[in-house]
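You will see two complexes here that share subunit A, one where it goes with subunit B and one where it goes with subunit C.
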Partner chain A sequence: MSADAAHQYEPDSWPVQYLQDHAIHIAVVLVFLAYPFAYDVLVDLFALTAEMILPEPDTMLMVFVLGLFAMSFDFVSGYTGYLSFGHAAFFGIGAYFVVLGYNGQLPIVPAEFPFLALLLLGAVVAALFALLVGLLAFRLSGVYFAMITLGITEIMYVISQHWDYLTPGNSDPATGTTAGGANLADFEPMIGIPFIDPLNANVHPGFGDTSILGIEFGDSVIVAYLLVGLLVLICYFLMQRIIHSPFGRVMIAIRENEERAKAIGYNVFYYKIGAFMIAAFFGAVAGALLIVIEGTASPDTTLFFLVTGFALVATIIGGLGTLAGPLFGYIFLESVNEFLTREASGGGLQPWLQEVLPESVLTATIGGITVDGAMDAFMTGHGEFYAGIIFVVFVLYVPVGMLGTLRLRLGSETVARSVSRRIGRLRADDTTGEVDTDPPAETETEAGADESD
Partner chain B sequence: MLRTTGLTKRFGGITATDHVDFELGEELTSLIGPNGAGKTTFFNLLTGALTPSEGTVEFERDGQWIDITDAEPQETAQLGIHRSFQITNIFPTSTVLENVRVAAQAHGENSLRLWRNVNAFEEHYEEARRILERVGLDGQEQVTAENLSHGEKRQLEVAIALAGDPDVLLLDEPNAGVSSENVDDIKALIEDVATDHAVLLVEHNMDIVMDVSERVVVLNQGAIIADDVPENVRGDPDVQEAYLGGYEAGDLERQAATDGGIV
Partner chain C sequence: MIPTVDPLFVGDVLDLLTSPGDVSSVLIEGFAKASLYLMIASGLTLIFGLMDVINFAHGAFTMYGAYIAAGLMLGLVTASMGWATVMLVFLFVLVVVFALLAALGTIFEVTLVRKLYEYPPIYQILLTFGITITMEQFMRMIVEFRDINNGQWNLDWASPRRQTLPSELGDSELLFVEFTNLQLFEILLGVLTAVGIWAFLNRTRYGLFVRAGVEDEEMAKALGINVQRTFTVVFAVGSGIAGAAGVVLMWDPLWSVSVPLALDVLLPAFVIVIVGGLGSFKGTVVASLLVGMIDALGTWAFTTGVIEFTGLEELMIFSILVVMLILQPRGLFGVEGQGDHG
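So, the complex of A and B:
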């Protein structure tokens, strides 16, 4: 069916059409919005069982940030086909820019400059850095692009470990630089509309505000979750907007067949650099948001090559070239991680089994080791090990990832479009009593209800 | 429309294109020659995919000749020189419509509008649908390109080249690998596009060449050895020599006999 299948219900005014087209987005946003409250309710009801399955709101906050980073990685890697293996560079620039800017170490930028301004400035700096890297790296193709970007990021990583400028207090640069210096609570990242006090909140999860818009949540993590989530949502929609624009179509054409894209008249070099700069911009926004949560920018959490590595894993699991997929990939990965932790950090399989299984089973010995001990040794705390196995399984058997598979099942370009068509058909049935003849051969599955792009 | 002067391309010691002086006019011109004669290399030199070792390529626009010797493929495409490829070169996982639409979008400034939805630019969709109808792929708009049959892919190949209404169309074996029952479709397509574009056609099927061409240029070992109307080229002894390489009736049997003797 044509891309404008939605236009067939002409009587609809555009807001109705808009709501229909974005039904799945609205549904997903509502689920995320309700999550921290639902989490409390479910944990009250089901105690350890709920704790075992559901990731904590704390974890979800981190998922938002790393998910945004993985989305920005997917933006350039999944849509132009150029793997940005050095994407951590932009994450690092965003993170360090906020910390250094806040501590007044940047030239021109005054100390304690508003957080949002630092976030935006850092993102612009990252985009300009991407321009320089791109001018160099896009002269080469495929693998060489990945290697050049990786190499540049490794250089930055090593520099960040040894450059005293990053740490004013003579501490070791390798351990990181903290916003606000020694006292964590001094750092007040405000998110909101500038100069309108009620529409601003300090989102520091440890010491931040516990209310927004006069609504008291009693927990600074929830305020941080909502506002960081809002920023990530805005970034997602901006990137999605670009993907669905004529520019985005050129990116896809480059991924599909760069030689032909050139032959039909596109200067692919400029388009690739443009896409890379946009990805860098949003990667740096994610880096700045990391500081909201951690307060500290350190080489190992920002510029290390595994930061990109995890984004790649999340992207593969969620679906390369799906934009929203990486976020769901991260949720999946973090859920696996938490599933295999101890009680204190969000509950997991072992605490649950300890409660459910009788003592005699737990202390039974198999081959000289108790069941409880075996769980300790082989399972608990080894989330990343199992995540690695899952990754391999995905690459082998689900190469298009979770969201990619869903799209294939729905036989649609995007899940949102499929859902919109389906609602359109239902509404047409309701109002006219006629069966709509919209012909796409789709497998009817309702699996898409909770995930979309 | 398009002319070359002393155009030469060397790959190491091999001269793939050898001082070619050629001018393409409005008539449907075919470029033929045995395998390895340098036809595709010549195309690559014209479009800028390869840079010549010597000589110039010029393009006539509004009565002015502009030098495009060092132009990149995207620049020649923007000027209005489009090509189709000998080996199918499409956007495999995009729909047929999108394949042509994105090519139509290449002409103009819309590609930089990153804040607008692609559906807001109906003109590109219209152009793509018009072209698909012309090449006979209407009705296949939503098919993923890689799922087309081989013959349909060849049609799509031409459709992509048609987008943006080029002045010069370089068709590199549009008939390659097409089954004999579909040859007439491709032939009709070539004749159709030649009505409003200057066409340079590379083709191995001599029936098509002799049928549709108004002028035939023969390339052998990188050099032009004949350039005339089809009837004259057909009877040209140099051309026969190039194609058959001094083959005389009975050669094959004698060759087989010798081979047999060795075994």
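So, the complex of A and C:
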């Protein structure tokens, strides 16, 4: 072998290789980072048309939180195959832990505990609760597993609707409780490095800081967007690392063939409980972040069966068993919802049509009602109806979801890995002019085949 | 308050046991509730037993049944009618709703559910869940548009009950036992449902096919049974029963005609089907009785002030589910391996 050929195979230094491996991640993160600024620019340029199509940064903030929750749901349901139908329990624990902690109602925890500490503590509590639930539930499988987790969550939901402890001051527990008491503005969730004041920001949208590290954004929603987004990103990467670790491999093995995983010698029970606890941890983080945005926790927004239900919908639309899929699923769902709302909350189809269509069309009557009235009645505010239809269509015709389909198109490997390899090939073309630097692909395709489903 | 047990709890229970009137009232209420639960759950158990499809749209069918029945009753019943005529109209509405919902079920089975038999069971859960969301939102749209119940889709629409329930079905007393005639009527319907389904399964040709299909689908196919058509018939019958249950719930004061009825019905129905054992009709009957009785006891405990916790019945129902899954995951009469996969 000549010296030239040897030179050709010299590997990149690891930072370059790392950047290449995560090219798609970096690109997606950059798009998210730029989004709130791009939104303003586009709305300035295209006015109502842009407002109609693009979800508001406000909505995106909610997408982050619910997307993280759906990811944690997917983490256990999509990768181990055990449908965690009561996942809302962990969301609720995270949310109520922050509210109660902030209101000084938790026994050992001192009042005025920093928000991030409450978030972490709540997540640990949720993980421990998952351990207890898991010890009972993982003796079962299939429908029975789904039902026992659902049953436990429903018990929590019923209790939370009637338990006075959750709502100090004689209000109805079913209507929920607010962090910071009567005045929502008193609630100051700080995200940043603890105990170093300049590195912290109050991320309460509408009431919080408008600058990070001295950089002025002029809008507390953008600050919240960036910092909550950062937390979600960290959570995503932690989960992504776990999925790609030997632990994650065993999770996938359990999904594909639990008997065989057992026969190989893995104690699948421990792995399942471990996965369940990790999912609960991140589900609770999402719950805590919900409080950042909403400021209040109520049984219907945290512990209700449909909270899990819509996470499931988002997961299927995005792709079950693709970690980032649920986030994109939620972007899709919330976009549909916002597309069909009135002007007051972000613009939508109806305000746009009202501007574009001539008056004669809007006031034309079909079967006794005007076109505008029909839109009012059957379109605006009924995003969930259309989302339901879209969901049914997805289950029937795109059962692997958006990311799952993309993955299949790319030849059964994760999207990130495929992009990384293509870039590698391109760069090899540039430097050598030959296409022969395909990396040893066996391990990759094998691993990729495991993940696509 | 969280459940707090009064120190006099034991004494209260003794009071109950030593008062034949109270015991009988609780028993009658228990049977009435059990009948409603049986009507709610039996459609679900039929569909699951044969097809392994967990029909999440079941509650939505019941909710549609309730709304259609409420609309029909309000339209047909006039104040001058005697109670016997109203009962006849009620039975007519029951049949109409059964037929309509069975037709709807047939459409869903043929166009949607059928496509997914080859998929893992989770996809049928997903599909029927999607159907539920869509059906619920559609009804919400109609309720708001037609301004039914002042457009309030989430509140109890009480006027069908207030305006059409004959006063003859009200309170009644026999010897020392207090009950309502509506409860007796519900028990009658519950018994009819149980006998009817038993007869369908054991005395009709399709019942035979159904049992053969449950036992061994491959073999049934090999022997020339059209399993596909049997699936359709069972899905239609199950949907029809779900709708018919909605008709009865329309009159019952403890339930309501509202859009959230779909979920209110769905979750207890799941509990009963699982507690009884997936796919076992006998189990469903026994579980309905169990849940109905415990529900009635919970109501009694609350009304007499033994326990001050308003969510008690729901709490008990889901506790039964969890305890049963821990002790005996297959349910009371479940078959090994049923529902295990996925």
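Definition applied: the second predicted complex is superposed on the first by the 423 of 453 C-alpha atoms of A that agree within 3 Å, B and C clash if a C-alpha of one lies under 4 Å from a C-alpha of the other, contacts with A are read in each partner's own complex, and residues count from 1 in each chain.
By our rule, contacts are C-beta pairs under 8 Å (C-beta built on N, C-alpha and C of every residue); 3 or more make two chains touch, one makes a residue touch a chain.
Everything numeric in this text was worked out from a predicted model, so none of it was measured.
S.K.: Touch test for A:Val250: subunit B only (first), subunit C only (second), both, or neither?
M.R.: first
S.K.: Which partner, subunit B or subunit C, is in contact with more residues of subunit A?
M.R.: C
S.K.: Quick check on the superposed pair: does A:Val143 touch subunit B, subunit C, both, or neither? Answer first, second, both or neither.
M.R.: Only subunit C; A:Val143 stays clear of subunit B.
S.K.: Is A:Leu396 touching the first partner subunit B, the second partner subunit C, both, or neither of them?
M.R.: second
S.K.: Considering only the touch criterion stated at the top, classify A:Leu230 as touching first (subunit B), second (subunit C), both, or neither.
M.R.: It touches nothing on subunit B or subunit C.
S.K.: Examine A:Arg241 and indicate which partner it touches, taking first as subunit B and second as subunit C; both and neither are also allowed.
M.R.: first
S.K.: I'd like to know which partner A:Gly265 touches here: subunit B for first, subunit C for second, both or neither.
M.R.: first
S.K.: So which bits of subunit A does subunit B touch that subunit C touches too?
M.R.: none
S.K.: Over in the complex, which subunit C residues touch subunit A? Could you list them?
M.R.: Subunit C reaches subunit A through residues 1-2, 54, 112, 115-116, 119, 121-123, 125-127, 129-134, 136-138, 140-141, 144-145, 263, 267, 270-271, 274, 278, 309-311, 314-315, 318-319, 321-322, 325-326, 329, 339-342.
S.K.: For the complex, give me every residue of subunit B touching subunit A.
M.R.: Residue list for subunit B touching subunit A: 47, 49, 72-74, 77-78, 82-83, 85, 89-94, 97-98, 101-103, 105-107, 110-119, 121, 124-125, 141-142, 160-161, 163-164.
S.K.: Which residues of subunit A touch subunit C once you look at their complex with the stated criterion?
M.R.: Result: residues 81, 83, 136, 139-144, 146-148, 150-152, 154-155, 158-159, 161-165, 305-306, 309, 312-313, 316, 377-378, 382, 384-385, 387-389, 391-392, 395-396, 399 of subunit A touch subunit C.
S.K.: Taking the complex as given, what residues does subunit A use to touch subunit B?
M.R.: 1-4, 241-242, 244-250, 252-253, 256-257, 259-268, 271, 278, 440
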